[in-house]
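This report concerns only the one structure given below.
By written order: A, B, C and D. Residues from 1 in each chain.
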């Protein structure tokens, strides 16, 4: 089986890359990748080399017939690719620091995937991803784009709406839930079934069964699930019981907005934002990566918070490649699954992954209580996407003024202006004269 | 035309009653009411008499063949009634004071028609109104219930869902908008057309035309509309322009939540809540009403904040009675008008009023930005209605925890418990052993 | 009031025109038309002159300040028009004869507004109307197109989907129903309310009230309503009672398909098709029109079958012009009124006519029994529209094979081919080399 | 693994039973059935014994720890059952003969699962199945009902709407399609994926892939698929190509109505109806079954037309039992999968089978051309179900008059009356005095 199977990794210089490489090595039997192209922007050349050389050492050690290419020329990487993964950060960690800290000054949660921070990240990222999609339309129109660039839901929806490229959004959170359930019930993943309903970073697990028997009731103890990369405020146990569903840990930003804001303000004062923590972790990782004797993924990578990203990506590629028709939780166009959202809205639900793409499964229950919140956040997402594509400040203002975490249009407006201005270099649609 | 035409006024001892009586007198030509039954609860006997005697003096002065009956026996009032109006306040102004002040202690807006205050009012009111609907099913099953008891949207939805009575919710706000437009454009009402989209106390005017020509654009100056019974925070002009629609003044609680909360806290400290202001006004009104020489509606009633309520009610009765097929803005079941809400959700939109009832008109535009907020508030309303009917605390908690004005489930829970406890006497569904 | 008010009448040489002129004369007070432009194609020059000179004599007699222009230059007629009415017949009565006779050879009903005949008429007409719409986009982009060219529902949907022109479809059938009800109940039209549900030539009257009191039950006697231009087969009384609604007389083609087909075959043998009858009537009318002493609409026009067309058109123009906000039954985009049809499907329902256009009213009841039939015919209509626009034979075949009156795809295919071939000269999209 | 696993087979005396028994024997490893209860009505005692003894011989030969019980007491069979299969024929083959012959007299297709015949079968069967469901609610409320009693779609919808029992409808047709595809592409079933859209006996295969590569285009040759139990009229090749989908062989009744009717009339004259053919086959089968030396399923059973029924049933039970989460084509409530049908309408689509039940998958494409036909037939089905439950003749008339195969209400009415009358003994809801 000498067939060419080419994967382009956009943002190849990311600290996550070694995990992805490990995934390709471990799954080579079922996903016989022949070429991996790590591509990054000129500013990332140094990191690309560090990570790329490590990737080459890892592959060499494996003895597999895979070649790892490093390039700053995106078109070379995309040409005839079968899969394109995207893990980029427009504006680098500096922009994330803005996303997380500026809102705090206005008494608003600073978070890189929702609220004002998530909006700014979307405004920076969507045009960049659409540029890649344009290139793909020309160079590899049938390739799958596996997008795990955050805010993954908005980015995936934008690509599906504004390009002809088939994009699937994926997130490590559902996989994390499965890992947690595996540990809790001490069974392998394939004996567990969890139903996810909602949007990226805004989902609820409305059904959990082990060997087909429902176990949700016994889980309604209010501890919920908290991943290591989200601050630890306990859940409100009465709320969880009343919901009869397990909220994503990101839902703490909504259900415990007050406490989370307080926590962010305190943590930020003490130890800096999550972005600053991550920056430090990344610097340490890159120091490790440089070691010419290192030829495997270092354990410290797991502290980085992106656990399972690579696992999710490789699993999805395997299923698309092999027409596996297994169930995965993905970000896909709604169709009619959630009947109160537009058909082209991107949602996060269980899908059957066929070679023709993921097919969403019906959701057996959407708790009445959560429909309004899902719709409110989706409204913000739609407005943000259109703002990103059009560069219209008024759409960005509408998005913010209607976001559940923003307490006033009078707060939204100056906050928006400050954030737009500081991000100016990354927002050519908003500042076209700067192009 | 000696046909009997009987109107039952539930909560007949209300300070609003003289306005209603005036309406019947002025419109007798087109709405030849023969009997008005003012009914109240025993605790309201004193007020009923004061108001009732004034009503009798007003009718006597008019010389019209109308009889005004005062009674504490609701069944007498309802028997064979053609129209039933409801303007009650379970728990009286004391309960309103709770609704408006307890949330403030938790840093949440205290308002009698939305948020925690609106929920408590709904929990007290819905069972009482359903009791009346049960009586109507037996005594006047074909009568129209004109409900202007707040929260009018929830109450009307509850009656339409949980009884066989035909209920229409009405509010003075749309009429107020028309009065404001009449003044602004200096034309009579019938040359103006305004399209309303949304829910009770959560609507947007998305179209304004005068003589059929659109005038909305020139109105997008950000001053918006503020009625005298809502505190005066200016609108955010950029928001209004971006919306391309005029938000209801109640939307300040959402769009300017932070400022409105601050304002409530300050005003409450200085001059008491709106409830306390109203209580004072009402006491003064009742002093006036006692004057045996008074035989017309006193001008001071307009300060009370309920301007146009009577006008709205009489106009609606006239159209139902005469099959007028004119356009009125009413609270009716959604059908498919707003496609993202359930068909049985109560919405506030323009309707054609026929003798068979109001028929909603399609809305020509629902601004994308507002759909999520409408859905979020409707979710809270649905949960509140089911909580009121079932007496389930967990539904009330879900309602609050998902309300856009409540910043945390951990805030919602103790606030809810305090409010339930203090309202105990009015919540037999929640405290059944007390029945 | 010297304001210019220009009406362009496309197909001005039609035998209907005198009725339209009479309408403008009678309603000049409320609709002060200043210019009427009668325009026709070169082949219609002779008829245009006969009708046009009559129109000029009628206007002269009226003494009103209206000018009547005759032209073969459509662009002159359209320039700055306020209203454009369309009453054209691509292929003239000859094509109608094909529509009505060829299907009979295949054992299929031959009818000019549905089934194979209706499809052929749509295929000929839609491109011609879209051409006019293109001219209007350039010459009078804000004008209203009042389309009463059949099949009016499909044509109107095509224009609304494929141009930027505001088109309203109208039909004389609803007005005919009102006339019939006026006679039956002996009351003027404004005391009657009838609710229409469905599509053009496929509607049901689901509610009839007089002075607001429902009278539908007493009408369920099975006689239904039959206009003079539709063959007289009696209705099935049990069906009508079971429906609880009055079907349009066109529904006989569906509910009594077998009898109607038999009737067509017999009538066609005896006296020719309806088209041939009409041709004879028209010839007689034009003989009358030529009389230079005639300066009013001759009574014989009513036999022609288009009674009330002009009344419907002038009434609609009056309401659009004066922002009357009265209720008219029109063909407009569905929005969400019928929730099982696409939002852009054209439906025939009651609307409020404002200067900004008609706003459909919610329907209070859609009998469950008729939903599938409405959807089946709408499917045929959608496919036909796309066939007309694209010239794709396979879409026309799909349309026919799924039409409820066509008993087999093996019947549909040769019938389609024969009809396409004979209509070749009028189907440039299907026969592009002929262009 | 000594756990009890009980299956009740309603209509156990059916000629299909040996196939089912064979299925249980072959799959015992994964579906360790311990008890099989064959139950039938007193009139079927003789057949039950013949079939039951064969079943016992088959099980004995297998040496597996399964007991086979024969009973006329349904409650014994149902008590604590895990699965209940239903394969009954109210009125026996005689009624089927009526279903297939009476319509022919009226020039209407006689078919036991759609049109007038299907309606009568539904009217006889639904109340009988609902009786069983009532027993199940009391005796085995958590059991799965696997319904393959025709008309399976209507029966399953009726049970899901009018009882609390979890019913799944299944049909051998999708499995037959898979067998045909396996042969055509010479690959095992698990390398094929076919997407089904529609209703029971009214589906289209809109996607076929082998190893994930689409093969639909090459199949658009017009031969379609014909099973041995449906008369052989060739498909119309142009239609198939235009559809871009493979219609179920039952769709010949709709797409080739004329030819199928002609064929039925001729066949009926020559060789009797399908019912009569089946009756003869069954008599022969029962002769074989009586042979005390026979202890396996005779090959002749495949001529009976129910091939794969047992395979479908056992496969479904295995997946429910083992939480297999594989894809099967089943009849389940619509949810929002087909957005133009009610949520509680039963549709036939691909589902993931979990222990909690089947979860429908989104359909990736619903050909526009078929939506109206699906809706038209579903309308007939809904009306038929309500007629069956209520015994209202007018609903049955509406169902027939709106069925695409019935050419006139005037045909429908006498045909209905004749069919009701002859079925009188099996229609207690319609003839309550006979109860």
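Keep this in mind: contacts are C-beta pairs under 8 Å (C-beta built on N, C-alpha and C of every residue); 3 or more make two chains touch, one makes a residue touch a chain.
Everything numeric in this text was worked out from a predicted model, so none of it was measured.
**Student:** Which chains sit in contact with both members of the pair subunit A and subunit B?
**Tutor:** In this structure, no chain contacts subunit B and also subunit A.
**Student:** Shared touching chains for subunit B and subunit C?
**Tutor:** Common neighbours, subunit B/subunit C: none found.
**Student:** With touch defined as above, tell me whether subunit C and subunit D contact each other through largely the same residue numbers, more than half shared, or through different ones.
**Tutor:** Mostly same residues: over half of the interface numbers shared.
**Student:** So what's the Cα centroid distance for subunit B and subunit D, whole Å?
**Tutor:** Once rounded, the distance between the two centres reads 54 Å.
**Student:** Between subunit A and subunit D, what distance separates the C-alpha centroids? Give it in angstrom.
**Tutor:** 45
**Student:** Could you pull out the residues of subunit C that touch at least 2 other chains?
**Tutor:** Not one residue of subunit C touches more than one other chain, so the list is empty.
**Student:** Among line, ring, star, complete and other, which one matches the pattern of chain touches?
**Tutor:** Per interface graph, the chains form a ring.
**Student:** Once the touch criterion is applied, which pairs of chains come out as touching?
**Tutor:** Here the touching pairs of chains are A-B, A-D, B-C, C-D.
**Student:** Residues of subunit C touching subunit D in their complex?
**Tutor:** 107, 236, 238-239, 241-243, 255-259, 340-341, 368-373, 375-380, 382-383, 394-395, 397-399, 401-402, 404, 407-413
**Student:** Help me check something: in the complex, which residues belonging to subunit A touch subunit D?
**Tutor:** 191, 193, 207, 209, 211-214, 322-323, 325, 327, 335-337, 339, 352, 354-357, 359-362, 364
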